[in-house]
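Order as written gives the chain letters A, B, C and D; numbering starts at 1 within each chain.
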């Protein structure tokens, strides 16, 4: 039985970890960390867990937890883990960090986009970027620290990855127009996230400045072995869960000036995802819908080639709390402990 | 491995059966019946099941299916099963009927409220009303036909049952004001159920005439060993899933004129539900919310005693597609086959 | 031109006052009071008013405003107006108070339900309860202080009023099950009102203890000339606007034991509302929907007689921010200044 | 008094025409045309209009209506008006067509994208494309036929128009990622538009093939005096009203390689829209939200320059039923009859 601790268990991502791990046959949650609700029963904070979780919330003492747990999930604000992580802790326990602290390899980029000093840069190099479908071979029982990718990022990267990797699109033309449900904004009491402000409304935000931008660029840059600079525009949608990324890029033409065919593009997607359990490349003509993946760890991908403009429109959908956060974190944990990758993640999407 | 067939697999309740049975370790679905989509792949009708269900939809030939399956779920319109059920079929296969055909013991009442002739009344007596928490001992491997309760009904009955059973309320004063998400209206293309008609809107419907009324009255009548006549008012709410029943009844006063205390009422609820896995009586002062049970087989119940009026306000919440339909059907199936009652139903509510 | 000041202009009710008064041809808003946003442009707080309102928000100095305005609307928390109102202010300016401070004639009742001391009880008697359809003759140019009814209250009272007034129902049996959109909860940043907490969710709250209860009881008591004690249960619904009240009461039987007929009840509704512009008694068999009154000052009322139980089910729907708050306040203002009652309120409901 | 007839009065756009014209002081609606509801009272089809509209629905006999009306609005399916329009009709009455029949000047383009034959191409040249802010001087009392622009189109064009007109962006790089509320899909009973299918869901549709594409391209082509080929991707959002267009284009660099500044771009927007009542260019850093224009005729526009990619991200928001359909149609009607352009359109956006 793997003993798991969760720091930040009362945020939406933390709560989703609890939901998933509760049904994971090889895991026992030993620590529900929550700064705001110390000593309060977890099921009072999330009444859906009444009679399912009996524990009370505890402090976020990583040190103490490291002695009790085999793995710690940190679903905490940026800077938290970086501020307290030590070699001693890492020597005792594996960590899957759902924050951005160790996702970006270049400290300067992190500090610029996040506006905070990175207080433990010495672990950045060791941290594995936990996008399992791409970096699976680096996530092993020997790995100590996994930087779990962001929700927008997972969706944006996986949707374009095979084409960037194979050099089929002009990476300089990539535009990601992403739409997210509101759970991505967290459970903090902010006026902008009130029901009446979000419902029946839609807006873009963080235009040309959202923090997930450099994360996408870095990872796609590794894929294409080139610098990638993109436009990434997130939007807030009146729904609880779900991210839909609509991505545009110019296809590279063949020597004869023609565009690659649907079948050729399809073959590339199948090359990378054909055997992936959690990536479903939809059939020709089918556009992904966020509801089709709700509650599950799937990413659905579709694409259309526009002969008129020479662009490909790629679309990816996932549940931001599952594949975009907690589900992927568990997928990483499974790899860290040599379990089947989909253990505890056989979640059938819930419709409607 | 139990071989299960579903007639009406492409309605919302049928689809929920598929979702639940897909993860039930002792069941294999052998027949996805759907009159409207014969020969179409099931995953094209419900794209969330892409790469999870590979089968195509088949006809609704109960006869043929009876030879192949151990249990048949009929998630079909009223009158369908009653029109084709035969002794021969029942001799071969168990049936869990999600329609109303065998719920009401008095044929005249059925025919009056449903406005159709009952074409196989000979099976009504045999059918067990599958509200497991109440009729568990009648649902056994010897049982052939289960009438799975309606969604409003399950919620309305379970919320008031202990108090009616113990004679604590004046059954003649019972009023059930119920609110339902829109999935209860089915997947048929009706203008009234379009997004723009339902969203940002709320209404009562079927006032003093809804078909679930006599079902509630009959079952509570058995509980109280008396005639029960209620007001039942359903409302349509702009959400996908969930039923909330707010029930009002006058508490019987004690000889000294006082009302029963919170603790006395609570003890009665605990007597009936204290050991029930799927009924959660909430703590004092906590009102149920539909979101806390979403996706799960739980019913959450709370109550408040109003000293001013001498009434008790009981509140019950469930997911209409799970405990109100497919989940309860699987719970019944488990009992029919001697499996643990919660097999395949360890569904943790999804929040948010 | 009537000079109007609004204290609390940046709450949802205050913002609705701005929306309505902006199009009122006889009114000029001279003061946008907002404690939280002093010196900020109003259109930055409500971007929908960009280029429509150029003013900045000001303090809530009632004294100073009284010298500049002909009428002041106070859309403020309970206790605010009672804490600062003086004879001097009332001698200079008319006040329409959207809070509860002067609605309840019995100070003890107010102080018990609201849990605060009333600091200017000397004005309670003078204040007119501004339910125009009932108290129109008391709201005249001679009136100085109007207590604008609450949203739940307006809906609950108007729906039952004619039957209580004419003694057709047993007032002791009245139960009001009310459902409200979330704007009624205000614009304050509370976790419980976050989109992800409210969306896809429904719950009762304030069961047997909501503050609007005594207000309904008092006004219906005046109508029926008797003590009225009711059950009032509010519910939170995932929509922005709208209140639906479903009300249950036992009809008094005639000497021959029969119930009044539909036509008889209808005639009573028509007697009171037949000439009312803002109360629409729907046709037989039609149940009100909140969407049909959205954005308008209408109250829609329907009813069904249940011969089985001897009860009548009455249903009323209104927009909580319009007839339930700002629209009614303007209706009162029109009466206070001798204007046509519907001036500025010819708002056609917006559908969808 | 202008006598107005509406063909297609029971669709959502037709109903919005009724809502707006009902409050237009110079217009009387004389004909509520509705093929589906002939002889039914209009207020039974749209209960929000109960006691506001007393008329019954009538046939769609354009000939007969032409004798009675001064202006006809056709809110009808593609091909309807083109199939019955005659010189005789146009000699009697002005027509504002909300369908696409006369929007596209090149018949071949129309027939290709709409897949139907155009049956009265002789009127195409005469028809004025009724985007008032751009073609105002062609919409005069002498004009007989106005092709009212589509909802996506109005938003997409107005958002980019000044920059295309002034040659500031490379028109070949323009990508329009648009999101629409569900009322744009109409009131027809289709499964895909059921509440449970749309709610909590988001998807792209008509990718690289949506019919509004050539309309945008044509109009922007006139503006830029060049061929414009774009990517246009519409998305369905779980809200009733509102379109948000997020548009991406590469800014042309100056001779020194620098990008235009915010102020330079702003000046261009102000040049074209500074005096426009219904186009609000938001302040620096403010992104439009659909809720801010709901129920009104406004288009809100914002933009951000991304120095990293050299692109500008332009965002436009409008209410698809008002500025995207009925409001713009009334704006056109006002021009056709020499009325103030904003007559009847002083609609304050409704928030929340």
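We adopt the following convention: contacts are C-beta pairs under 8 Å (C-beta built on N, C-alpha and C of every residue); 3 or more make two chains touch, one makes a residue touch a chain.
All figures in this text were calculated on a predicted structure; none of them were measured in a lab.
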item: Same-site or different-site touching of chain A by its copy chain B, using the half cut; value: same
item: Between A-C and A-D, the pair joined by more C-beta contacts; value: A-D
item: Length of the line joining the C-alpha centres of chain A and chain D, rounded to whole Å; value: 38
item: Distance between the centres, which are taken as Cα means, of chain B and chain A, whole angstrom; value: 37
item: Distance between chain centroids, defined by C-alpha means - chain A, chain C (Å); value: 46
item: Chain C: positions in contact with at least two other chains; value: 12, 183, 196-197, 199-200, 238-241, 289, 291, 294, 352
item: In the complex, chain B residues that touch chain D; value: 12, 182-183, 187-191, 193-200, 238-240
item: Complex contacts: residues of chain A adjacent to chain B; value: 12, 15, 19, 22-23, 46-52, 183, 200, 240-241, 280, 282, 286, 289, 291-296, 300, 346, 348-352
item: Of chain C, residues touching chain B in the complex; value: 175, 177, 179, 181, 196-197, 199-205, 207-208, 229-231, 233, 235, 237-242, 244, 246, 248, 287-291, 294, 304-306, 308-309, 311, 313, 315, 317, 352
